[in-house]
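What follows is a set of notes on a single structure, which appears directly below.
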Amino acid sequence: MTEPTAPLQASPPPAIIDGMPAAVPVDVAAAEGLEVTVRSQWWYARHRFLRHRLAMIGLVGLVIIFGAGALANWVAPYTFDQIDLNNILHGPTTVGHHYFGTDEVGRDYLSRVIYGVRTSAEVGLVVAVLSTAFGLVVGAIAGYYRGWVDNVIMRITDLVLTIPVLVTLLTVAALLAGKGSLWIIVAILTAFFWTPIARIVRGVFLSLREKEYVEAAKAVGAGDLRIMFRHMLPNTLGPIVVNGTLAVADAILTEAFLSFLGFGIKPPTPSLGNLAAGGQGNPQDWWLTVLPGLVLVLIVICVNFVGDGLRDALDPQQRRVRA
Amino acid sequence: MADPLLSIRDLTVEFRTDDGIVHAVDGISYDVLPGETLGIVGESGSGKSVSTLALLGLIPQPPGRIVSGTATFKGTDLLKMGKQELRRFRGDEVAMVFQDPMTSLNPVLRIGFQLGEAIKTHYPKEPDDKVKSRVVELLRLVGVPNPDIRVNQYPHEFSGGMRQRAMIAMSIANSPSLLIADEPTTALDVTIQAQVLEVLKTVQEETRAATILITHDLGIVAEMCDRVLVMYAGRIVESGDVQTIFRSPRHPYTVGLLDSLPKLTEDEEWLRPIPGSPPSLINRPSGCAFHPRCFLSQGRMRCRDEVPELHSAEGQSHRAACHFSDELIGHASKFSEPVEAGSGS
Amino acid sequence: MLTFIARRILYSIPVLVVSSFISFTFVALAGNPLANLRANPRVTPETINHFEHLYHLDQSIFVRYAYWVESIFTQKFGVSLLSGQPIWPDISVAIGHTLQIVLIAQVLALVLGVAVGIYSAIKQYSAFDYTFTSFSFLGYAMPTFWLAALLQLAFTDIYLHWHVRIFYTSGLNSGAGGSNWSIDRFQHIALPVITLAVVSFALYSRYMRATMLDVINSDYVRTARAKGLPERSVIMRHVVRNALIPIATVSALQFGALLAGAIVTEFVFTLDGMGYFFFNRLSQSDTYSVMAYLMIVAVSIVVFNLIADIAYGFLDPRIRYD
């Protein structure tokens, strides 16, 4: 009765009918005159991300804050070092657009905070990008080649992970103080932040290495680099994007800690950390510490929201209801 | 015919998800007679597990919802019971064995403790030593070697097959009248499968319990079951005793299932899968859920418009839910020779 | 188990040696010991030479390292190059203070965090859950210096406006030589304890909630329910018991890390603890004091990592270090 069908083949991509995946193979659906669109994984990821309310809020927040920082020259009402000794230590007020008040030499605090955002964001983004890139490379090598290379790299990451970050950062920063401080800080921070990415990438590579398509690619004669790039790397993009995003917040926070203690970016260049330090010991001028700190908190929260949204979008291994 | 032990009528279960409402079980009805082994067969997502989980109140109620139906067990409707009451049945009168023995046991508690817990929950007054000896006895019954030593071990010290035996032992600890085994061998090697099925048979003989055996493996059904229900997309599409179903199936899905099995005694060039994939339970095809994949339908409108009801195909006990099931009369399935119990792989 | 511990300790020794050597080299070469002396115009070159020789500053780094290691055992870290004072008394007092604060903060954070985590998981998506999840989120995002500063401000304000001292905003005791367990002391450490506890609480409650949710959906919990266990037993005996395992490890590691002294918190509240010690000596480039601090921190990390692993092996029968 039933015609013998062709030998077992991989199932054709599910057709989408009325926006829902249908059980009917594409050709059958087409035969019945139904519309068929095939969507890619990225479409679904993007869709999931945009649906995530918190991530959207975070994104908007970041655009506002980072945007203000990037466009500081146009957005800030004053420059960050404009001294006005007539207006020392005013609290937040609408007079003269000093919405965040002024500091101890009369500089407009809102402007300083905006420039501070720019500095902190610069550091944060650069560190995140550099450490992600470095971690990617190291993790890929460790995961792909295994053996003693992997062992050595893993030992190093273990070591870096157990060292208390702030302590080492402070020690190094203090003792290298003043010698091109911004880039030293970036370098030191990068040196700490690459490890989680390396671990993740290594994990993915280790598991992918045994998959058949890698063996197939090798059999065809593909070089190591090509295999790593075209076949294995795309699988790491999800966790990397999530991790990289969260690393931005981490880097900004860590830099703030350093600067707060006086070892990071030094004044007069404002960073959110050294601005907050300015209000130390003077509880009357609360805005000096509270406001930059508030901006910092907002940045971290927004980045975390976006990171969560990205994670949901790119890593849909959440618990699904079992039917 | 004896009174049924369990009588399910019009059970409907749905789940709310972000993508829509999943109709997991749609108005199914069946009976389980005392002492018999009923097989429920179907693909993943056919609703076979959900119907039994609903019985025991193991469906998490926020996403899940028992929309309607009754499940009368020894006179009382399980679905109308409060949580406390239902708890008394679970593990005592009605017990369940789950699919994956590797994750179904708590890794930080000893086997003896977990088995003892099953007993103590329902009979708290039993003295500890009696419980302990009963546990050892149970382990011995299911064929765990050196039960007196093993009873103090942790699950990770048991192999997969042994763990499943322990699970079975745990389920019959209180001599239930109804045992539900949800794909008990799916996660096991074939050779271990055979052993565990033997254990199930032993256990059935010992306790005289009725068993609902849920599986997607027709071979197991042939070996173990008296009657079988075939489920598809949340509905029962065929029911009857094993011999009849295997010899003369009356639903195209059942035909497809049987056809897709490789027959060891014949030469076959190609395997014959059922074309297409199982339907989405959120957006089910209208009318008969199977019609998009059905060879019998041939595009007939009735299949698309009308949901077929279960009607008798051959005598009272054999029923099929297909508008054109009569056209399958005379269709010889691959397994037309009588199936002998115990001759399975 | 004992062999495991012994092996771990054995492995950590070379790690400690290497890391201490690297730090020593770095600190010793980058810092400028005897800076005070050199800056003082009244100090003669002979005096400087004398001290250089006394402190082996004129010899190779390896020799200096060796002398330094020796000083750990024979002289309890020896003497600060800057002040000439012995290091150990100062640092041991600092350790005591930090221990007190960190211990109280951790216990508080752990007990509350675990409880909140459990309840949040059981009543997922309830108002309680949302409130505390948001709170943890906030706590996690807040830099400690900000929280510390806020608390300081708030309580200073209260004092200034209502002339009531609830909590002190700096220092360890009101007068000199206060005792360690007086009410005055508690009034002083309350705010730093709260600061540290909030961040740790956020971590623990989030972690506990996540682990609980993971475990609650596992198969063996379903089995426990299928056996007819009352929900309470299911949660306590099966879920929590399993969910606590990672928490134990995390808290041990946290403790080890915090022993480095919550540097920023101690700085803001001017508390004489490890972090404050470190910060001060580092600012003054007081090499040997900094080294002493680093060594103690390294050892405590090793110790607490070990404790974390042992606790894990103890709680989870699947891990046996034999």
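Order of writing sets the chain letters: A, B and C. Residues in each chain are counted from 1.
In the analysis below, contacts are C-beta pairs under 8 Å (C-beta built on N, C-alpha and C of every residue); 3 or more make two chains touch, one makes a residue touch a chain.
Note that the structure is predicted; figures quoted are calculated from it, not measured.
Give the chain pair that accounts for the most C-beta pairs in contact.
More C-beta pairs are in contact between A-C than between any other chains.
What is the identifier of the chain with the smallest separation between its Cα mean and the overall Cα mean?
That would be chain A.
Measuring between Cα centroids, which chain is at the maximum distance from chain B?
C
Could you put a whole-Å number on the gap between the CA centroids of chain A and chain C?
For chain A versus chain C, the centre distance works out to 27 Å.
Using mean CA coordinates as chain centres, what's the chain B-chain C distance in Å?
Centres of chain B and chain C (C-alpha means) sit 55 Å apart.
Distance-wise, how many Å sit between the C-alpha centres of chain A and chain B, to the nearest whole number?
Distance between chain centres, rounded to whole Å: 48 Å.
Over in the complex, which chain B residues touch chain C? Could you list them?
Against chain C, the touching part of chain B is residues 56, 58, 83, 87-92, 95-96, 98, 100, 103-109, 117-118, 121-122, 154, 156, 167, 170.
Applying the document's contact rule, which stretches of chain C touch chain A when the two form their complex?
15, 19, 23, 26-27, 30-31, 137-138, 140-143, 145-146, 149-150, 152-153, 156-157, 169, 217, 257, 260, 263-264, 267-268, 278-279, 282-283, 285, 290, 294, 297, 301, 305
Using the touch rule from the top, collect the residues of chain A that touch chain C in their complex.
Listed in rising order, the residues of chain A that touch chain C are 159, 162-164, 166-167, 170-172, 174-176, 249, 253, 256-257, 260-262, 276, 279-280, 283, 286, 289-290, 293-294, 296-297, 300-301, 304, 319.
Could you pull out which chain C residues touch chain B in their complex?
Chain C reaches chain B through residues 218-220, 222-231, 233, 237-238, 241-242, 245, 315-318.
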